[in-house]
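Please find the structures below.
Two complexes are shown next, each including subunit A; its partner changes from subunit B in the first to subunit C in the second.
Coming up: the complex of A and B.
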């Protein structure tokens, strides 16, 4: 009995130590961030920015945020659908599906996004297809990111053990059922972190749709900056907003990851 | 925009490779604009004071005022689109907008892809140097020096010695300049402002743009006299999906009328403080 009590006391002491250590680590982490932020702030202070000017245009700049987020959210959703189809095509034994999927990922990953934006904005009208600026931008971003996400989803699908698929098939499930019930739910856990990463990258890549005259964050920052010959101020301001958005969305992402990881916790 | 999107949907559904013509006889661009009740005007809000975004977040400037007046005279409403300059000068707009009212210089090369109206005003092309500069006293002193210009615009062609203007003979006074190209004039001006000779020795830009920068406190000053005059006009896509002939003609008549009744002079005085609507 006494023995058991002693063990419990030791366990308690260890967990207290561990908690104290974790707290200390967190404080160190926070201090590093504060220090680096201060250094960055000092650097920018030396740029002799006109803060009154920045504050004056803040509202105008911020009105670009919903467009940036909206374009990115719609595009990543469509890109996921495209990516799933392309991944299934790549893994398929059908030569046509395989060929189409590999050609798509090769062409898209092999050419710059800006060129693709112009192909859709200025190229498609030559064929009589005139999409407005925002749909053109969404199309370009979804098609581009779909190709990268296809590779992520393919990796996710391949991460599910072959034995599980065989077991499910031997239970009498069809291939579609195996995909839907066994493979994809498990692949999801592997796929979410890199897709979140893609979304964060897209938030900034959406700036490329500004060449089509979409009044998103970067468009607004560059136009105001040039007009007052204070481009650096406005671009740094826009950068700060992008960073804020990235922090927000990476927090959301780690929540989602936490949820999906639950089944795997001991 | 919505109407055209509808048309596109129809085109996609029936699988046509070209925009469907309206019921009956095919309409030309002028009919299309009048029927639609909207004039889609492209202008690049990178160039104050002719086209910029004002403190209320709206399009404003000389070109914007001119465009509104043109639409009023056509009896339609105006809608601005703001694509990148490259997308405007390259032509083949695919019907995205009807006309560029964006202080575009008439050049022989651009005439291959765009129709131009008669000029609505003229801007002097002018060199500027940093305020602290004492090295250069005349434009010819810039020979072999680093000069900043917007890429693909007439200023770059001038420095290359290949500029061919319509209605103007160009004398190339600066030879062998080290050309530094930027996305817009404003970027070049900001680089010059870093200091005398830091990145650039001079910029070549439109006189109104430079004067505007000086007024906004940018530390630069003008050098010598203007080197040439640009004839600025409205442009219409030569490869327009609908026949643009009558539309270009009508725009030309409107420009002439706005010259004759003093509207353009009034707007020039309002935005530039001088009358730029008459050559020199």
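Coming up: the complex of A and C.
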């Protein structure tokens, strides 16, 4: 009995020390962030910003946020659909599907997003197809990101073991059922973290569609900035908003990942 | 154990590229019969078993399961509906369990009935619970495979195969991936199945199981059935020197 008491005391002491260490590490981390933020603030202070001007245009700028988020959410959703179709095409034995999928990913990944934006913005009207600014922006972003997401989904599908497929087939499932019920749900866990990264990248790449005249964050920032010769103020302001959005969505992303990992915890 | 054989295999060959893995195998399995295939690794046992539900495509020969011929060899137009008909009648248990990692034990068991047989959910759940109880794992119904022991995983895998109410069960080295102390629980479930009259084809290294539960033991070597007979004959009076040599190593 004496031994048991002793062991419990040691265990308590050890866990106390570990908790104290973890807390100290967190404080150090926070201090580093505060220090770096201060340094950045000092740098910006030397730019002699007109803060009154920034505050005055804040509401105008912030009205771009829902458009930035909206364009990004719709585009990532369409990109997922495109990516899934392209990934299945690449994995299929059908030479036409395979050829279309590889051509698509090769062309899109081989050319700059800005060029693709202009192709849609300036090229499509030449063919008599005139889209509004927002649909054009969504088309450019989703076609571009679909090609990258196709590779992510392909890797996710390939990460599901052969044994899972064989077990499902031997129950009598069709290939479609195996894909839908067994492979894709398991691929999802592998696919979500990188797709989350793609979404966060897209939040900022959506700035490129400002050249099409979509009234999102960057468009508003450059418009006001140019008009009053205060471009840097407005761009830094927009950058701060992008950063805030990124932190917000990164937090959401890690929550989703945690939920998906639950089934695999021992 | 009478009437037409439920499995008929004639002249089965399998090539992997130039490697000749099955060299003209013939087999008839009667309803309710328990056939155990033994032999060293690489003899072609698993490949043969996997040809019975078309996880491997035979290179030549015929396989007829429960009256349904499986496509083979040169036949270009593959009869997928026939393949699926056979797979629905044949349960398979794998060495590595292959439980669906994203599903609980119960979800694993009811997946076949729900998706393949189109059974209503409440009916499938009742069936699944009955089968989990049969393999002694009803208390694990909501647990994911990652939290089950190897023996428990394999018992869930057996329940999953049984949920399709198969006429034949194939076991591909079901205990080879298990820690020694967990083998017994899986073999017990298999013995129960055999006693209930299930037709079974079992590839295993468990000679004790072969001796007790098999009606017929087949010794396989280098892609051929070398010798077959009732267990007492194979284990005590094998005729072929290759069989005797193998048995002196494993017994």
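We take it that the second predicted complex is superposed on the first by the 256 of 266 C-alpha atoms of A that agree within 3 Å, B and C clash if a C-alpha of one lies under 4 Å from a C-alpha of the other, contacts with A are read in each partner's own complex, and residues count from 1 in each chain.
Quick note on the criterion: contacts are C-beta pairs under 8 Å (C-beta built on N, C-alpha and C of every residue); 3 or more make two chains touch, one makes a residue touch a chain.
The structure presented is a predicted model; accordingly, all values stated were derived computationally and were not measured.
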Give one of first, second, both or neither to describe whether A:3 is in contact with subunit B, with subunit C, with both, or with none. neither
Name the contact category of A:173: first (subunit B only), second (subunit C only), both, or neither. second
Does the superposition put A:48 against subunit B (first), subunit C (second), both, or neither? neither
Subunit B versus subunit C as contact partner of A:227, first or second or both or neither: first
Identify the partner contact of A:60: answer first if only subunit B is touched, second if only subunit C is, both if each is, neither if none is. first
Counting residues of subunit A touched by each partner, does subunit B or subunit C come out ahead? B
Can you pull the subunit A residues that subunit B and subunit C both touch? none
Going by the contact rule at the top, pick out the subunit B residues touching subunit A in the complex. 1, 4-5, 8, 11-12, 16-19, 42, 45-46, 48, 52-53, 55, 57, 81-84, 86-87, 90, 92-96, 184, 186-187, 189-190, 193, 213, 216, 218, 241
Complex contact set, residues of subunit C against subunit A: 53, 55, 80, 84-85, 87-88, 90-92, 94, 96, 98-103, 111-112, 115-116, 144, 146-147, 157, 160-161, 164
Subunit B contact footprint on subunit A (complex, rising order): 56, 60, 63, 118, 121-122, 124-133, 210-213, 215, 219-220, 222-229, 231-232
State the interface residues of subunit A toward subunit C in the complex, per the touch definition above. 161, 163-164, 166-174, 177, 181-182, 185-186, 189, 263-266
